[in-house]
Amino acid sequence: MKSHVALMAALSVALVGPAAAQTKDANAEFEKFRAEMEESSPAELFEARGEELWKAKRGPNKVSLAESCDLGQGLGNVEGAYVRTPRYFADADAVMDIERRLVWCMVEKQGFKFEDIAKKPFQGANDNNAPDITNLVTYVASGSRNMKFDMPLHDAKVRDAFETGKAMAAYRAGPYDFSCNTCHGTDGKRIRMQNLPNLATSEGAIRGVQGWPGYRMTGGVMLTSQWRMNDCFRQQRFPEPKYASQAVTNLIAYMTGNANGQLYKGPGIKR
Amino acid sequence: MADPMKIRAQMKGDVAEIRILMGHAMETGQRKDAAGNTVPAHFIQTITIDVGGKRVVDGQTGTAISRNPVFGFKMKGAKVGDKVVVNWVDNKGDKRTDEATVA
Amino acid sequence: MNTTRRTVLKGATASGVLAGLIAAGALRPTQVLAADWNKAAFDAKDTSAALKGLGAGTAAESKDLILKVPDIAENGAVVPVDVTSNIPNTSSIAILVDKNPTALSAMFTFANGALPDVSARIKMGQTSLVKAVAKAGDKFYVAQKEVKVTVGGCGG
């Protein structure tokens, strides 16, 4: 425990450490090859699986999501749905991000059990297949490729989720007295070779939401924004939220709201 | 059943650029799973590309190719509408053949 | 490699013997489609043994063989490699990583208009020299570059 504290102290120093120039070079080198990586992203494989799932009649009710699920853009329409969520859904009386909404449709329309989906909602490192929900999110996100983020912040309920998310990002707790903002609330911080975005700014927020859902080179797995938020909780040594919780939607709303107006490039590739 | 490949073949001037994305675990045979057991090697060994009915690339690959492999090739003498046929076979005998058209 | 057998197969196709061979289990149909996997070369632990397996004893460095790799890789699991040969009559290109458990990553043979140009993504266990080896006529050429493999930060 003590050594952990020391490690974290060392890490916080490294966040503003002296090796900035070296990091800059390394990042320039990463960027150079990023375009080549994005040119053919394995995310496309998951997108294709998601499209099949979207159109297939599934679940105890044997209906397809394409014929039963409204992502906020009309029944069965995936175009622009990703960049316009989180949003308020009257039928569920809740503000939902796209993953939560898809889970809701799978439960309410197709008749799947939430517990079954929540059993393994994310792909584990080196698992051969991603869960259906991840493939679905990836397909839906591809329907917003090259569109601008346009989360309906003018809606009072969405604004509420955004403000709650903002407060959560600043909330310090856990054994290390960390908040999201400890790493992501000011400019120019980094962990090891990775620069950390300041999520309070438009430029930082777009870096936070860009590339998700993303194909993670480590382990070769497809992961969603929901997974990323859960992992932030874990990294802060917070208790991890339950799958598809409102807390995660709020954090996603905070970042997406700050990224409004910026271009979304579709499912991406992550280190 | 392996995922279909994603194949793109596009003319850029007089050169056709072919990009292929394959869904494959590409297990090295050196990794251990959560239970500590070695995951057996499972990887693509041969790749062929035929364009317009002619063999243009004959490839052999080992375990060091990344999971969900991506390859890029270039050729002269192809034209819009030519059929591109890509085939892979792995060390367990699993295989996959997919087609695309030069655009 | 296996020129004799492939020639035999070519002749056999017309006479229908091939179908018989396949049915008898003597041949897997895939062997007709693709060249046999060069087990000796791919199983070789080090670069020189792998090159030997490919029939390439000595390879001369060449500026006309262009190897593009990052100086520093964001993730050793996915390192982009691009090889272009401007050496006339290049017929094949191999990609090797000195310090991988087995050195040879891939080998490609080009024909019927294919340019000696390939891009791939490879795994690297650690910082190492990456080599591209091209065959032109009966000569071999090499280009090499070091790629540093970094340790990662958090989930991006």
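Labels for the chains are A, B and C, by order of writing; each one numbers its residues from 1.
Please note the rule applied: a contact is a pair of C-beta atoms (placed from the backbone, for glycine too) under 8 Å apart; a residue touches a chain by one contact, two chains touch by 3 or more.
Computed from a prediction, not measured in an experiment: that's the story for all the values here.
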Worksheet entry | Of A-B and A-C, whichever chain pair has more C-beta contact pairs | A-C
Practice prompt. Would you mind checking which chain's C-alpha centre is most distant from the centre of chain B?
Written response: A
Worksheet item: Once you find the CA centre of chain B and the CA centre of chain C, what distance in Å lies between them?
Response: 13
Worksheet item: From the C-alpha centre of chain A to that of chain B, how far is it in Å?
Response: 30
Fill in: Centre-of-Cα separation between chain C and chain A, whole angstrom
38
Fill in: For chain A, residues that touch 2 or more chains besides their own
217, 220
Worksheet item: In chain B, which residues are in touch with two or more of the other chains?
Response: 66-67, 70, 72
Worksheet, complete the sentence: In chain C, the residues touching two or more other chains are 77-78, 82, 119, 121
Response to the item:
Per the touch rule above, chain A residues touching chain C in the complex are 25-26, 29-30, 32-33, 36-37, 190-194, 211, 214, 216-220, 223, 228, 231, 235, 270-271
Worksheet item: Tell me, which parts of chain B touch chain A in their complex?
Response: 3-4, 6, 8, 19, 21, 23, 25, 31, 33, 39, 66-68, 70, 72
Worksheet item: In the complex of these two chains, what residues of chain A are touching chain B?
Response: 39-42, 44-45, 48-49, 126, 128, 215, 217, 220
Practice prompt. Mind listing the chain C positions that touch chain A in their complex?
Written response: 70-72, 74-75, 77-78, 80, 82, 119, 121, 150-156
Discussion item. Can you tell me which positions in chain C touch chain B when the two form their complex?
Written reply: 28, 30, 33-35, 37-38, 42, 77-79, 82, 97, 100-102, 104-115, 117-124
